[in-house]
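Residue numbering begins at 1 within each chain, and the chains themselves are lettered A, B, C, D, E and F in the order written.
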Amino acid sequence: MPRYVPASSMESPRFTGPSTFARLPYVQTLEDVDLAVVGVPFDTGVTYRVGGRFGPNAVRAASVMLRPYNPNLEVAPFELLSCVDAGDVAIVPGYTQRSYTAIEHHVAPIVEAGVVPLLIGGDHACTLPHLRATRSRGPVAVIDFDSHTDAWDSYFDERYNHGTWMRRAIEEGLVDTAHSIEVGLRGSLYGAADWTSLTDELGLAYLTTEQVLAMTAEQVAGAIRARVGDRPAFISFDIDVVDPAFAPGTGTPEPGGLSSHEALAIVRRLTGIDFVGFDVVEVIPAYDPAGQTAFLAANLAYEMLSLVALRRRDRS
Amino acid sequence: MPRYVPASSMESPRFTGPSTFARLPYVQTLEDVDLAVVGVPFDTGVTYRVGGRFGPNAVRAASVMLRPYNPNLEVAPFELLSCVDAGDVAIVPGYTQRSYTAIEHHVAPIVEAGVVPLLIGGDHACTLPHLRATRSRGPVAVIDFDSHTDAWDSYFDERYNHGTWMRRAIEEGLVDTAHSIEVGLRGSLYGAADWTSLTDELGLAYLTTEQVLAMTAEQVAGAIRARVGDRPAFISFDIDVVDPAFAPGTGTPEPGGLSSHEALAIVRRLTGIDFVGFDVVEVIPAYDPAGQTAFLAANLAYEMLSLVALRRRDRS
Amino acid sequence: MPRYVPASSMESPRFTGPSTFARLPYVQTLEDVDLAVVGVPFDTGVTYRVGGRFGPNAVRAASVMLRPYNPNLEVAPFELLSCVDAGDVAIVPGYTQRSYTAIEHHVAPIVEAGVVPLLIGGDHACTLPHLRATRSRGPVAVIDFDSHTDAWDSYFDERYNHGTWMRRAIEEGLVDTAHSIEVGLRGSLYGAADWTSLTDELGLAYLTTEQVLAMTAEQVAGAIRARVGDRPAFISFDIDVVDPAFAPGTGTPEPGGLSSHEALAIVRRLTGIDFVGFDVVEVIPAYDPAGQTAFLAANLAYEMLSLVALRRRDRS
Amino acid sequence: MPRYVPASSMESPRFTGPSTFARLPYVQTLEDVDLAVVGVPFDTGVTYRVGGRFGPNAVRAASVMLRPYNPNLEVAPFELLSCVDAGDVAIVPGYTQRSYTAIEHHVAPIVEAGVVPLLIGGDHACTLPHLRATRSRGPVAVIDFDSHTDAWDSYFDERYNHGTWMRRAIEEGLVDTAHSIEVGLRGSLYGAADWTSLTDELGLAYLTTEQVLAMTAEQVAGAIRARVGDRPAFISFDIDVVDPAFAPGTGTPEPGGLSSHEALAIVRRLTGIDFVGFDVVEVIPAYDPAGQTAFLAANLAYEMLSLVALRRRDRS
Amino acid sequence: MPRYVPASSMESPRFTGPSTFARLPYVQTLEDVDLAVVGVPFDTGVTYRVGGRFGPNAVRAASVMLRPYNPNLEVAPFELLSCVDAGDVAIVPGYTQRSYTAIEHHVAPIVEAGVVPLLIGGDHACTLPHLRATRSRGPVAVIDFDSHTDAWDSYFDERYNHGTWMRRAIEEGLVDTAHSIEVGLRGSLYGAADWTSLTDELGLAYLTTEQVLAMTAEQVAGAIRARVGDRPAFISFDIDVVDPAFAPGTGTPEPGGLSSHEALAIVRRLTGIDFVGFDVVEVIPAYDPAGQTAFLAANLAYEMLSLVALRRRDRS
Amino acid sequence: MPRYVPASSMESPRFTGPSTFARLPYVQTLEDVDLAVVGVPFDTGVTYRVGGRFGPNAVRAASVMLRPYNPNLEVAPFELLSCVDAGDVAIVPGYTQRSYTAIEHHVAPIVEAGVVPLLIGGDHACTLPHLRATRSRGPVAVIDFDSHTDAWDSYFDERYNHGTWMRRAIEEGLVDTAHSIEVGLRGSLYGAADWTSLTDELGLAYLTTEQVLAMTAEQVAGAIRARVGDRPAFISFDIDVVDPAFAPGTGTPEPGGLSSHEALAIVRRLTGIDFVGFDVVEVIPAYDPAGQTAFLAANLAYEMLSLVALRRRDRS
């Protein structure tokens, strides 16, 4: 068995003790660790609703409901992977550049140790330093589930926030654009080029929500897998790709999105990919009175770590 | 006309007076009664979120919106059935065995009088004494809509709670397993056997949420009807089979579930079955700020009583 | 460029200043105006939950998220139409007839000036005076998205409320019934005739939610377009046609409805129609803790004004 | 013992069954009844927040916490008085005059039978028909706890709403102004005369919140008692006299008010008065997420009925 | 400096990482520990609202706001005491006796090691096993802040729940009744003897809320101190002694209580007492939408541990 | 009459139209203006809860309840002062220095035109640029109502946020420290010097909450007035000086504070002072479910503008 495993909910109720992700041990070491869940309570990058700083702990609280066996992927991830809750990055609220540095310095050693980081945001701006932290793995294929492109050049003449990280990451050479894809785009735009320039200018592929909803989950996953190929890959999951009915607790809600089932069904079919990192972002508990957004985020993270476990099993 | 009918919402507004189910008379007799709605404000059996003790009154408050004609089933149930709100079982909060006795003693006379009980929970643990109360009708075919199997052997070495009632009921000979089925299973498990042992060990059939969502409502209803056959049957509807977007007010939410429409569509197609009882459980108003869970529960109950009315009409 | 355009969210954040619809100028003139958004904070007509008086401002607050390009319709509406927020009608709370007069007197000049009114309710009772205000355009083809017929004769012997406006409007000769249609009917009824009399007695067509969900959005839009033909048309969108998961903030929730995506997909396909007015009604912020209902209403209104822009572009 | 007494919370939990006021029997008779609690779910009279139609049932739900002995007044009211929950008046939402008639017709027989009515609102507009219903007892001394005078002449040129009932009642000769008093006035006014005209023009006494807070509860009660003398008296308690911290669930909150303790302490000291009626109004559950407003209202009503019991005991 | 101290909020923001009480280390050892905060997520003992199982983590989340210097007591407690968050007791939800055993077995070693336990509930029923765990210190003087006596003999013929623990503890010889006192009693009773029997039968002193509010904080503290004398003492603080405006998130709210300021002022004046344990109970987050109850509970706990620090300093 | 006055709530209901402060005209001019309400939706400066960007509009929505006559000060402010809602500063979310510049550039011209600015925050960090904008009036006497000193040197080594503005303002020579005072300090500290250094190092006076609560409002106001003397003065009102029961919607709640009544009573007694500016900050609507914080903030602002009107009247 792996060194680090969740506390058993048959022995102590799920609600006992300070909540860690999936009731995993809260440790700071990387030794004997395969996957590390890291909270990134950064929300200075948002342009509308704010409060993602409380996202990591809300997702932790919901994640205590996770059980050890994933029936869809037929894998018991915690028997295959040593997983830990590595706590939160000590970001600096109100200060983006210093927070970016803190995030990168926290996560890069994880990646360099061969451990897979799974970040819980926090707003989407934190994906830029997350990608910087994966630099040792070369430009990565980014699979961005999102209703927004996040590829604008600036907001209010500022280049660093939750709407520009993708463009910055590409400019910094962190993204293997030819193998990257945005999934779930929808909502009103500043102009038609918001979408078309993703391909024309940046070299990304994309699927709109309309396209996703016209396909099966298998088809969507197939399209993503074809795009990514065998490159080291990274999933960034902005919870707002899901409809506000399923994920009300977010900052820039766009009605007309995927259901939780559709989102989970796509993510869990992304088997066979070499993942070097994940994040689930834009959960804002202040707008999530019944907790459904946090429960969904926890389950998405569980599918992600199951994909890592599955690949490890299938390759061994 | 039946002796007991709802108050007219054309004469007094729906929100007037202490709310009873569907504005039915609140009476304690069984004479001239065909169907009795019974609240079971028991929530001592839960392992995570709690508060189902306020479920029956929340469902009553929402149910005042129900009108007398069911257009999907083309039946006016209150013209065919004399229905009452029989109040709540005087359960003992914090004491499971005494509450079980109270529930069984309250409901058994209803069943024995040939009246159909429709219970509003409360947590799912109350289905065990509910099934005990149907003993006079022999082992019954249980149709359990649920995201969880509720067939674990124990939690914390305790054998009576909302996660074990199905196993206990089978052990007590209350369930006609060969004609019973669980519908809507999903979410992470303790192990693969959680599901497979339902069939292998307990003799139950089941459909996962994945399977249900790949079928039409008619197909699901057909599969259930084929399983049940002509046996006396019982629906237990755990509201958590529905996705948390539609039913946030519940105790163990599992993202990725059915929509309200899908749930209603399946239930209302279960025509032609000889029902000896129903329950709708796991509604927790404290997590239902806009009331949508209670409205759904009330409508599910309405479909259930419509099925009874329809069968009565078709057989007479 | 049109005279009146939204404030740019690249220059001042969306949340700055008193919110107007889509950050449009708040002006009282009709000169150089093509479309006027008007709030109707009237909620005296409701029979169950109340509070739509705060609907217009909640929708305004959500609508600041709208951006200038509609990618589904491939149109930049604010480049084609001069749109304003014309403020609210000074209705008289608690007094229906005086409020009706105020609404009609406020809106009729808009219609007569050739400006398209887009009303944000308020309860559905305000559609009657809205239709009276369109009298100069002759009887109009009404497309009513609604889970209820709103064609009852009276409640409590009163003829003017949110459940009777359609019948009153027909009686007053405001509706071109042969080209009108109700879309999304569902939920329990007072009797079978609630629906059948729409056709038999009133001459309206209708599609139930069951029918809508069995069709594609294109098919539903096609059926509506075929019904409306080339007549001047009017969309009244009761937010309760959408399922309470997507629109919890409403007065008479009916579980089992359309998703936000389905609703938006149908509305935006109603191209090629000559619209003389729109309303989006029955948003009650007190039951919308995360704001998803208001976001949906704002997006529906955006699709409506995009339809006007599109037709203008295609005809010029 | 009286004929009608509350259900025992030692036998069935407080939360069982449809909630009636203080778990009293819900009966429609006046025989063997001393005091009748009546819900008045009327909220058409409000000028700002709305939703008092759900007030009676929210107060009922909270009132199940009331126990049979009042230690402050040293009286067991239910041993001295036969109390019932008489249900709600079938008001007509949206229609003030018809609702007024319904309220008066419902309550007048209660008064005429010598039973004390205790009304749970609903908005303050319902106090006018309540006072009409006490006409058989002659003009009554009104003790109005309120932050507002409710003596304006009209709103929007309409004379009947929650801000004008006191003036109307005086005009109709229902108020013994020389023995009446308003208690707790505060907040911004339309003009200085709002307060001074109460005395100068209408002949009422008043105490502002500032004055009340500068006195002890005994002093305030003494001033009220001195004003009322031995006249038949009536308490109208608008929950907004209490600070919004203690009573957030109301329609026109005025910060800077009494605490719950201060309000309860004054009311319960109003011993020795011949009460012919009471009401507690302006509770709006939609703005009372934790229920504290409803709990306070229930306790105020309990003090009121204790005063009746006490007087009966002291006089027998 | 003590071995265990809080994380610095000048280095990492308060909201980072899984929340522990006051950001103290979460450790399981008793070595080098002076005071241990222990969560008791037990809520099976309640008779009305339920959900205290989420209380410990809600209080932890609020307690991250605590800073190291207490200006009222002029003490820096964490410089004097080595404090830890010892996690939660693995109670068994739904099973009182087993939970009692778990609590006692968890806490007794703490007491026996000379460490002061500070329990965060959970419902008040957990004070009984907490007192059992202090048996090694002899019968203790209990200072119970509470609006209820919790000295009833049984509910529904059951002897163990949150309304009976005081009587049970006295019967078991755990309470030094001659030096114990209940503070803040109020609200309706089952009978006059509810209070008088505390003294007459059980030998406890008590102060009602009315008495407390007529005294200064110093006077109340003086009365308590006089009662306790030099006996080993124990504070049990039921958050419902505070008014629901200040502590809405609780199970049996009683309007008319102390303010937060009054409660804090009394507790912090209880200097010079030899405390062997503390608990703060009956916080239910589901009814605490803005968190004020949890913030108050955290601050009360901080005053308690400051009292221990102060005594240690003054005696050294 | 002044040029700009509020809309009459006797003609259009308070809830009509986009809400401006007190229903004042929303204009951008300074001509014929005496006092300008300015929203500052900046919340990048906070260290715990965030969301003050929605504060200005929440206060606007609540302020529509304000009526034209202030009975405590016996003044009709809008008859004496021409007041406007000047909209919001176009701050840059996430960027403190640019936001500071925007605030200063927006407000300085107001001050220089002899118009009194009344800012609605936003977080307390915005008081620094607000004070910079008053530089033309020389160092000002600052009256800071606050539970925190906001005079720390830095957080996370950053010098600009909501906990350091007072120290920065003093360093920049903006504060006439010899006439300035902090009122309402309480809560745990980093060290004793947090308070004592205010005087010892910075030259400020202060009153703790304990001191304030031991004085009458007149005494507190007298102490402030004596401190300020005849210097140009500035009130900064951090809503967290009030207890969380009265102001739950704030970022760093400290239990044990003033009541709304106490706060209002002090502010309104600050007559006879030459005010050059005001702000009311730290209102976060996401934690204010019933709106009581916003109502209080609106009333505090109303007292402030009344003080200006009163002084103008008394001097003319």
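Please note the rule applied: a residue touches a chain if its C-beta (ideal position, glycine included) is under 8 Å from a C-beta of that chain, and two chains touch if they have at least 3 such contacts.
Since this is a predicted model, take the numbers as computed values, not measurements.
*Asks:* Given the two chain pairs A-B and C-D, which is bridged by the higher number of C-beta pairs in contact?
*Replies:* A-B
*Asks:* Scan C-F, A-B or B-D for the interface that duplicates D-F, counting it as a duplicate when over half of the contact pairs agree by residue number.
*Replies:* Within C-F, A-B or B-D, the interface duplicating D-F belongs to A-B.
*Asks:* Just curious, how far off is chain E from chain A if you go by their C-alpha centres, in Å?
*Replies:* Computed value for the inter-centroid distance: 41 Å.
*Asks:* With chain centres defined as C-alpha means, what is the inter-centre distance between chain A and chain C in Å?
*Replies:* 37
*Asks:* Any chance you could list the residues of chain A touching two or more other chains?
*Replies:* 11, 13, 15, 47, 53, 92-93, 156, 243, 245-246, 259, 287, 289
*Asks:* Note which residues of chain B are touching chain A in the complex, please.
*Replies:* It is residues 47-48, 155-156, 186-192, 194-195, 208-210, 213, 243-246, 248-249, 252-257, 259, 287-289 of chain B that touch chain A.
*Asks:* Please name which positions on chain B make contact with chain E in the complex.
*Replies:* Against chain E, chain B makes touches at 43-47, 49-51, 53, 92-96, 98, 156, 158, 161, 286-287.
*Asks:* Would you pull the chain E residues touching chain A in the complex into a rising list?
*Replies:* Touching chain A: residues 11-13, 15-20, 26, 39, 41, 53-54, 57, 60-61, 85, 87-93, 289 of chain E.
*Asks:* Name, in rising order, each residue of chain A that touches chain B in their complex.
*Replies:* Of all residues in chain A, those touching chain B are 9-11, 13-15, 65-72, 74, 76, 243, 245-246, 259-261, 264-265, 289-292, 295-296, 299, 302.
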